[in-house]
């Protein structure tokens, strides 16, 4: 037995020391469970970014090590510990899920690493728990639904039914839309989330229909998106309970909805800080190369992951690979001085982006594929509502 | 309380109950006759969904795909019995739990490798895709009615098989006295394989029926298997009638809990606390009921006579 | 006999020294791994008391891990963020005392009900109670609900510092050795003999005049408290507590450790935990499909390895 242990330990030690890169990035995402569909898209984008960079930041080699959070906060924390302590990465990045990020935060920051979220933007980490070594490459959870709230007001929606999964981000999303929506909230359901998430919404949809609301606001990311949209249409709610969603109809769910021929979704509108149709050089190269390599449009998860790697590379280049120059790295990240696929943006006092939010519409492109395109700018250079709670200057 | 909403929620609960019964019936058959704890039964439910999804795209029609998937899933159940279950019959329940837990991991990972992580949405034929008006104000998705109908037909077929055929007689005899059946010179091995195949087909059917609603997805079997176990324990292991009634009971409790509990909670706690705790408490109530029933009736509601 | 003692001593020494050595050589990750291993091994040893020696198959022991962890987390949470002044503290004696108390009471109350049923019904009713605890913690938004509870502070004891990874590991390892010794003592005592008798033939023990229910209940409570203690250590180790700890799959993993190592043996649960943790670690770094070889191995062990890994120790000790 002991022999076995020592041999196993020995081999894994060898495995880690054999590959030596100048700068190592740990990237935590979901690679198992149905939510892996998002993780795969992010992984693809990271690999594409590395390809575009030639695996280098200036003269320095970059290496990305992926970690699987299994869609569970405790697994996410464990894998973060491993990246920090065993692989000794310089940057910890990724994180789809707010609760996983909240659980893993301490492991990365206590070890003095730079932590960059490629998606999750929990309100706590924008406010009370903000940290000089934490940066967001995405948004704060409240912002996208805040933009949707404005859209609802403009559309003349007076009463709203709300559905979201019961976890950190779901609660932020609900709070976000409540911040800007001026009408009445007539009902709200928070459903079970995680690896054993609730996917049959019969009871909730019947309640929503009976509530007589002017519209329904939902947040169902990843695999749940398809299930929700389907049931929404099967219940025949399209005409009397219009759907307003965030992070639900996206590059992940659209190909699947198209395969199942859910034509009802074409024309529906969502808010987002990025879109494949955004007209800038970096974005067009990203979208066309992504489509050429993987055959689908990139999702916003992919766009943010791509940006994450680009902004790390820019910062490493700026300090010339000197990972001990933490002040220099922080300043470089904070300057947002790289070609982001969302166009240029800046960082607020809490290290969250100050950026535009667009209204986008589902359309059919020239090749017959379903995608989105920008129809309006809803919020301009928007600062998230929790920045005021952050004590950093 | 709104009367039409209540009726609709009753139908939703009925639909969940029927699906639970389809999964639980195979479980209780295998458990009652073979005394075998099969955690991997939920994986067959998932396989049914995925196979049916693939065939729907290959054939272009959900109904044909479902009919062809049924025998395929039955064969998988048969193979599972030969490979995994048979060597473990003589062992204790502990080995059953662990062996089939291992089987869950293997089957789930294989499904991940074959179909990818994304899950598959299944398109429905137009006739099943709309809504049906049952009474003024009571409009429900047609497909949910189809699930209830298909489930009831399967349940009736099972009732006929168990109560009015020779095989059924042996199955019932096996459930109450296994040695006697063997003593009668029946090929007990063949009977066991048959029971396994039937159970797999029923669980697979449940998976195929739910897939057009929730999509075929990884891990979907693990969500339902524990609830299905609750059903057969509450109903009494080996009892078909018990499984049926318990499935409806659990289905209704879960659905009505999700539908109305938060409004009740709001009477005595803040609205945000109610929204947060109501779904969890309604999930919890299922287990609470199981514990209560076992406390007063340690063999479940309808224990089969004699063992 | 000599050889057996030598092998056992070697195992214990390896568990204690190798991680410290690796940490010293600049691989702190392995110290973490070993800490987790020791904590889970304690829970497995606790489960083995009723599962192995008592023949009571509990499919819900992860509940005690969770209760123990929340008994550390909830006082720490209130100490950090206010509210519930009665229990708001970081004092380790209070937190660990609470963990033992809560898990003991929970085991007593559920034991009174669970032990009335037998066989598969017992497996399932223990699982039902664990699920209730699982959903209970999900429903309490104050303690994070589904998101779990991040505690930024560990239990405070005089002389030792839980924030120091080396000290925390040493405490977990020593606790493990103590719990192994404790369960070994129990199994060799009069009490343990009666328990083994009940596992073999309960009717006979009743006929001999033993109140078998009381014996089983006592074993059930001790087992629950050991797991609660392990949960308190786990909460301290991860500083993150979530309902996920109570999930039925976790209960299954604990059972797997005990059976893989060998039921009703002193070293079985430890060997099972070592194998489990190392397999999980090594396989999951190699491939995201690691559940496949893991599941195959599980099936293989159930089918072909009788008596678990500890049967491989020369002259297997105290097996029935």
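In this document, chain identifiers A, B and C correspond to the written order of the chains, with residue numbering beginning at 1 in each.
What we mean here is this: a contact is a pair of C-beta atoms (placed from the backbone, for glycine too) under 8 Å apart; a residue touches a chain by one contact, two chains touch by 3 or more.
The model shown is predicted, which means the values in this text are computed figures rather than measured ones.
Chemist: Looking only at C-beta pairs in contact, point me to the busier pair out of B-C and A-C.
Modeler: When A-C is set beside B-C, the one with more contacts is B-C.
Chemist: If you take the mean of the Cα atoms for each chain, which one ends up farthest from chain C?
Modeler: Checked the centroid distances; the maximum from chain C is A.
Chemist: Taking the mean of the C-alpha atoms as each chain's centre, how many Å separate chain A from chain C?
Modeler: That pair's centroid distance is 36 Å.
Chemist: Let me have the rounded angstrom distance from the C-alpha centre of chain B over to the C-alpha centre of chain C, please.
Modeler: Roughly 32 Å, centre to centre.
Chemist: Please output the residue numbers of chain C that touch at least 2 other chains, ranges allowed.
Modeler: Residues 138, 145, 291.
Chemist: Tell me, which residues of chain A touch at least two other chains?
Modeler: Residues 31-32, 36, 166, 192 of chain A each touch two or more of the other chains.
Chemist: Two or more other chains in contact with one residue: find those residues in chain B.
Modeler: Correct list: 112, 222, 276, 279-280, 283.
Chemist: Please output the residues of chain B touching chain C within their complex, sorted ascending.
Modeler: On the chain B side, the touching residues are 31, 37, 84, 87-88, 91, 93-95, 97-99, 101-106, 108-110, 112-113, 222, 226, 229-230, 233, 237, 272-273, 276-277, 279-281, 283-284, 287-288, 290-291, 294-295, 298-300.
Chemist: If we count contacts the way the header does, which residues on chain B are in touch with chain A in the complex?
Modeler: Residue positions touching the partner: 2, 4-5, 8-9, 12-13, 15-16, 57, 112, 116-124, 129-131, 139, 141, 143-144, 210, 212-215, 217-220, 222-223, 255-256, 258-259, 262, 275-276, 279-280, 283.
Chemist: Taking the touch rule as given, give the residues of chain A at its contact with chain B in the complex, in rising order.
Modeler: For chain A paired with chain B, touching residues are 31-37, 39-40, 166, 188-192, 195-196, 198-200, 202-204, 206-207, 210, 223, 226-227, 230-231, 234-236, 256-257, 259-262.
Chemist: Across the complex, what residues on chain A touch chain C?
Modeler: Interface residues on the chain A side: 1-2, 5-6, 8-9, 12-13, 15, 31-32, 36, 68, 72-74, 77, 81-82, 85-86, 98-99, 102-103, 105-106, 166-168, 192-194.
Chemist: Note which residues of chain C are touching chain B in the complex, please.
Modeler: Residues in contact with chain B: 51, 57, 59, 113, 116-121, 123-125, 127-129, 131-132, 135-136, 138-141, 145, 248-249, 252, 255-256, 259, 263, 289, 291-292, 294-299, 301-303.
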